Amino acid sequence: MKARAFCLQLNTQKAPEFIDITGWVTQCVAESQVRNGFAVVYSKHTTCAVRINENEPLLLQDMAKFLETISPRNGKYQHNDFRARTVNMNPDESPNGHAHLQQLLLGTSETIPVSDGVVQFGRYQSIFFIELDHPRPREVMVQVVGE
Amino acid sequence: MKARAFCLQLNTQKAPEFIDITGWVTQCVAESQVRNGFAVVYSKHTTCAVRINENEPLLLQDMAKFLETISPRNGKYQHNDFRARTVNMNPDESPNGHAHLQQLLLGTSETIPVSDGVVQFGRYQSIFFIELDHPRPREVMVQVVGE
Amino acid sequence: MKARAFCLQLNTQKAPEFIDITGWVTQCVAESQVRNGFAVVYSKHTTCAVRINENEPLLLQDMAKFLETISPRNGKYQHNDFRARTVNMNPDESPNGHAHLQQLLLGTSETIPVSDGVVQFGRYQSIFFIELDHPRPREVMVQVVGE
């Protein structure tokens, strides 16, 4: 039994952006030499999510529109009221209340079983790192645990 | 420490359908002989979800109605425009944009701790495999890891 | 490789209530002496969720309002019709259909990698136990697995 961690730095280009990291996750599992166990894919950001779905370009557009409906970028959020806020106010603070609420529903991580050396993605499953706020440097982790 | 994988084939009967697989998950953990660790329950499909909630028949009807409100079956999705789509177009393709969007919010897996040989479900917790698209053969996995 | 379980009893004070348990999770991981592996934080209740997001007071108010919009406390749910229900009817039953539906979207657990003895929370990430129903005694678990 062992645990191996991998980290990917990436620069997002737009928001929302669905970055397919299936290939990278598969590579990390191969490199870990874990044959039976699982992989946790984890976002280190509160305005980025990790989700598994189908990588079909028109569907990704549907998802972008869906997220905007759930919590519109130009909606009214107290988190965006920089005159009222006193906590976590940074020079690079952006009005990103919508992104926090979308992330709350999507989630921070996914866990995928590894069996006989194969990451158990189904035929249409891709794993995405999802930028919800605005383009910037980001970080996503994979932890592979098993034998 | 060991990792054991189990796979369940099932034929869904309607959509949405909430299939309670708590008994099967509990059986898998017993069979694995893992006393301390956890179980990952994983859907291999992008239009099926795995979630833990209460198995109360009227609540399941509330959930079905809730999902339909979030993303209606007859809504307008680009993913359903088979004249425009070029990716993943299969003979059995169904207009299932709504199911992908519902699945995006519900999620692909759940992880449940196992302690002293007992799967740590709370009193009202049941785990469901949820069909969101249409009835068909499906597959759900449990990976049990621990000692 | 080992697996260690920890349990926290808490009395919630309102609903929704976002209880920051980041410090407790970090303590559990330290106590487990796991250096590489991960921690599963798990709610034993179908009307409480576990989520990672930013602990900024105005954002927590945005989240409370957002959850109320998604599934209002005073909405119409069959689960709240105590004359029609026959399953899981208890003396302390509360009209909590809204809380079940909110929990369905938020989720029951989060998994966080541990690497070189450090729980891999990002700079703005806090982990919350979220009461969605009404104030009462509750229980949340952490399972730490690794080497």
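So that you can tell them apart, the chains are marked A, B and C in the order they are listed, and the count of residues begins at 1 in each.
As a working rule, a contact is a pair of C-beta atoms (placed from the backbone, for glycine too) under 8 Å apart; a residue touches a chain by one contact, two chains touch by 3 or more.
Worth saying up front: this structure is predicted, and the values here are computed from it rather than measured.
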item	value
Rotation, 0 to 180 degrees and nearest 5, that superposes chain A on copy chain C via CA atoms	120
Interface sides of chain A and chain B: same vs different residues, half threshold	different
Chain centre separation (chain A, chain B; CA means) in Å	20
Numbers and ranges of chain C residues touching at least 2 other chains	1, 105, 107, 111, 145
Footprint of chain C on chain A - complex, ascending	1-5, 40, 42-46, 71, 77-79, 81, 84-85, 87-88, 97, 100-101, 103-105, 107-109, 111, 139, 141, 143, 145
Chain C contact footprint on chain B (complex, rising order)	1, 36-38, 51-59, 61-63, 66, 105-107, 110-115, 120-125, 145-147
